[in-house]
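The structure's right below; bear with me while I get my questions together.
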């Protein structure tokens, strides 16, 4: 293992004068794509395991959502054209002579997630086309080579992670989750699932710009819309106060022109019904956030196979290494990690492990490198259990 | 303008012990998607301008490439199933009663780019479906509101840029361009367009891992493939030497198993023919690179309208601000910039401008803030000319 | 005022992996010299003020202590040759025709301090020679020019200060004071006043090396000496625990060779009696400490006139500015300040004010410079009251 | 060896916006004291070696200069009272029954240096009193214990060094040396030896405040004085230009009031004749400079024995370690070192070695610690040859 450790001072973007963090919520078109890709992946893994005792090669991290067309109206409007979903990616569709119903499995996984997670979106609002194909012969053979022992990296790519969250990071995540939690959906059904939170911290002050779809049938008028926005803002501020002592202010749907009736009103609670399209991998990183002041990779994690795709595994492992370092006895107040794989190398043998740890008073004097190396080694030995955790949806990916 | 300036030391990731940079080349499926999205955007803009004197609302930054299926063979193989392209996004398809042939324009733009830039991919190898629709009413109205004067930001999003390039950044960009330049395509036609360059710098040593598709009909045998890889490696090392004095080594197609014949051989020069799918916005950032050690945003720039989409404009503007600061008399050895828009605000009035400048000996004593502010102001006043430069393809986006 | 503000991260040497701090205690020959020089200065100031209503020019910051010779013995030894004190420096010895008894005042001030602060040293053990002369005509005239309004800087020199103390700094200061406090002198009279504390922090562990003179007449034997060292060590560790939670260990008189009887035994409690000589300005800085990891100047503060000698005033003012910044609402966790005078300029108009402030989460976004400038201005307006505080011995100088 | 290595960015105070550096030149009272103390030390060492083949215990780092009194006049004035020198410190005055003429040796060494280096100061202008005594029994015994093999540290103290010099540091040193070089003394004999250079760098601009004594007998009038100052300023600016490309300005004797005739005129070329007193260890550090922005110790190096006094040896060794690191292949642009001894430990076994190295592009990736440790070990093995270099005056101490 080629381990590099850099010691820095201060402790992450939370110490900078300015910080910017974004999260695209559950019903945002890009997040829908991430979720569906990952659901397809899990469904395929479960099927492969149950039928063949082994997870076959697949990467279904490509998926296009083409927004539909709708006529929202206070009191309840209509969908005019359905949302289109085009499923891309690769998956083994045959094993030892047995055909695998990849498309049926994929479409089934999508439907289940949609009905469970996007209450306003009905089956008839969505048109799903699967274009999932079997993989290229070389990558499939590379995958097969690693079946016996440690899987071999399917690509030269990198993963990045960090810990702990800054105040702003905690706030942005908490706010989205508060707007999308079951309790809110019950008490404030007008608040849609398509929530985008952009947070800016300037010194000790956080400003949140929330884009939030509202559901037309729960609102009788523009006045009720305005009140619902106020409820939403209250939820936001309360959620923020739970996780920070910094000053927080929030604006919901800043571009609304209430006079003209140009507001963020939807039939289904998501702009996917009309306004916006989506793709896998265009939204939140493994942290659940978009963090320009942190190391990030462009790898979409959702949909990638959890056996050998380092674009998925290394992003999660990098986060865990950072989290373990931040929680360890070395006293780091901030840790970040970049892992780089080498195509064809065992996944537990990265080309490079770069760790950055920040300290406050007083910095450790000795054994720092041994401690860091120990944390890294332990995490790299856990890819099998990480795979299980991924299949049980216990790991955040987006 | 809310300007924040932070002064740091050292000078960018080029001073760190380790650095990781990636570029997905012209024929990589993700890059193909970026290119096609931007070509569609330019075609639409030109059409709108010519017909109506104004650029109508559109954002065509969603596009899915579903890899085809092929049987590469030394001496020349065959495509079995075509590459599928599904075009997503939004575009105004009617203006003052006149219908606009969005789909035809989009498909035409794709075909032109493909035939010009991916010589091995013929028209019959590609199946294009356009699902571009007209936009949501609120965003379209917001766009319209800004038509008269300064356009209004269509979103709350952020852009990030930096300058100058580190040695590794220069190397990775130069290497991809050398493998994909006209001269190489003429003298080494076996080198495909699907090139991915992953660079790692450890201290003064750079290691490049190149994934490069080869074209089967120009290679008679596995021996010729091996020789072609050596030619490719020579091109890589020569290109690197042009832009750095650091030690450089390179491996091409590290996962090849030459004995078994598991090599990166293609009919068309791109893995899109069989191995891999692609999406807009999953590859290179505005720098042309993927740079985990630099500030990055997740915004896809390709395909977004150049009038008001800050996800496009602010990434480019942030790069220009950084470049101007690095080139200015203040003596910064490294500069980076993050811009944050506010939905509904004029695009030349960002919510936040965060500038980070690094110095070596000796750091400026006074007037730093005035100088930085001046550079920022001048750049923010140039969005109209930036739009023209984008339409003339003079600005790198991916 | 030419104010420079640099913002750094982390927070002072307390965050480094290693830190070294030293303090020479009350009876150390260098500290004795500092104390006597300052006492002479105060005596002169008081005399000048009482007789003439004005503080005349003087700088008595030069003083040599020539160690005596002694025969320490358990149970009580003898001084063989006295300690020599040679007083140097300059002081106005005439004003409007009246002669000023500078030498008598100086010697009187020395005798008083010695009998009050070094109980083991009797008048007969010290031989004092005053060589204090009147000042050079040009500096005396420069001093006179500033008498009317704001005093003019008598030199181009600089002062440096910092705040708050790190754990190690607190420990080293507290330990010396605990060994030299009245309570210790009462209960453990064998512990002399000549104490030197050298502290090293490695990570979270502090190691103290204490050099401590013991007084022979309170110890009957080498065994009692060994026990007294243990008492001293207990006092040291208890004092340290009062001001830090870091691990602390201590060794007293590390070079003792108990077998051979080579131990730090004295007649008077200070090595000045035989082993060591001293000079003004060779020991503790205005912080009370010697701190190689902090900005320091070489200016001796003790003995310099408190009206216009910036070598004295600026060291104290720099400490106060740092302390005010560290205590202010800007949230700095560490502050340091360097002030540079210009000879002939009013003392409240330094050539340069350089302030370094460190922050933890989250760093202030705006107004930092205004806040810093405000703190600096207020401190620079206080030189008159600082002078009074110095004459009342309310300000630490060594 | 307990080695700590910290890697930082940027490269020394030369990269900061502000820097302050001072040098007290050859004829400054504090520098005179340093020089005389070291000359006495060398004379004693040579005597001990010649007579007994071994350097006996001594530390003559205490010395007081009491300025005299003078009546400078254009055309040539007079000394009124002599300069007083009181020599303190310790030196073995007997060895195996043979008396050693310590006082004669010391006074002889002083006279020789004064006549060689301060041409304007005649023997009759100086009154020398030696109060050098033999050392304390415990320290003398400790010294003796180390005679056989590696000497034992006589104290717990620390040394600090750095390299390379910043522009300002080079300028301040060069300017003093230019004003005091033989060529200047020949062509501009009016320029005295008592030169103090205070340098401030603000960004790319250096301002020098020079205090420079002028010799009355070479100047017929105030006009000639003014012209001589201009000559001196030309020498200063020319010297600065030799070692920096930064802008430099200089003021000589800023407090002069030419109208009133309050100028820095002397009979001997040094303020020691009347204006100012001096002590060992109050001026330049081992670098030849006073550098508040660099690690410094308070140890006087001049006069300390070169065999075992770590206050001398470790300051020099720390500078050499830093210089070797800065010159080594690791590519550090700045290095500093702090060494801490332990009383009674062999001098080549410090309690602590703390090394700080700064890098620019690109930072070394591996083996940094081995390389640093190697440099440190080699330097610590050289104390015997360092002692010889000190006795041959080949090492700067003040």
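Every chain is named by a letter (A, B, C and D) in the order it is written, and numbering of its residues begins at 1.
Keep this in mind: contacts are C-beta pairs under 8 Å (C-beta built on N, C-alpha and C of every residue); 3 or more make two chains touch, one makes a residue touch a chain.
Keep in mind that what you see is a predicted model, and the values were worked out from it rather than measured.
Peer 1: Determine the shortest chain-contact distance, in steps, between chain B and chain D.
Peer 2: Minimum number of steps from chain B to chain D: 1.
Peer 1: Report back the single chain whose CA centre is most distant from the CA centre of chain D.
Peer 2: Between chain D and every other chain, the largest centroid distance is to A.
Peer 1: Round to the nearest whole Å and give the separation of the Cα centres of chain C and chain D.
Peer 2: Centres of chain C and chain D (C-alpha means) sit 23 Å apart.
Peer 1: From the mean C-alpha coordinate of chain B to that of chain C, what's the distance rounded to whole Å?
Peer 2: 63
Peer 1: What parts of chain C, by residue number, touch at least two of the other chains?
Peer 2: Residues 4, 6, 16-18, 202, 365 of chain C touch two or more partner chains.
Peer 1: Going by the contact rule at the top, pick out the chain A residues touching chain C in the complex.
Peer 2: 9-12, 14-19, 166-167, 201-205, 246, 331, 359-366
Peer 1: Touching chain C in the complex: which residues of chain D?
Peer 2: Within the complex, chain D touches chain C at residues 2, 4, 6, 16-18, 20, 22, 62-67, 69, 81, 84, 86, 88-90, 131, 133-139, 141-142, 145, 152, 156-158, 160, 196, 198, 200, 202, 207, 209, 211, 254-255, 257, 260, 262-264, 271, 274-283, 285, 290, 292-293, 295-298, 300, 338, 340, 342-344, 351-352, 354.
Peer 1: Taking the touch rule as given, give the residues of chain D at its contact with chain A in the complex, in rising order.
Peer 2: 4, 6-7, 365
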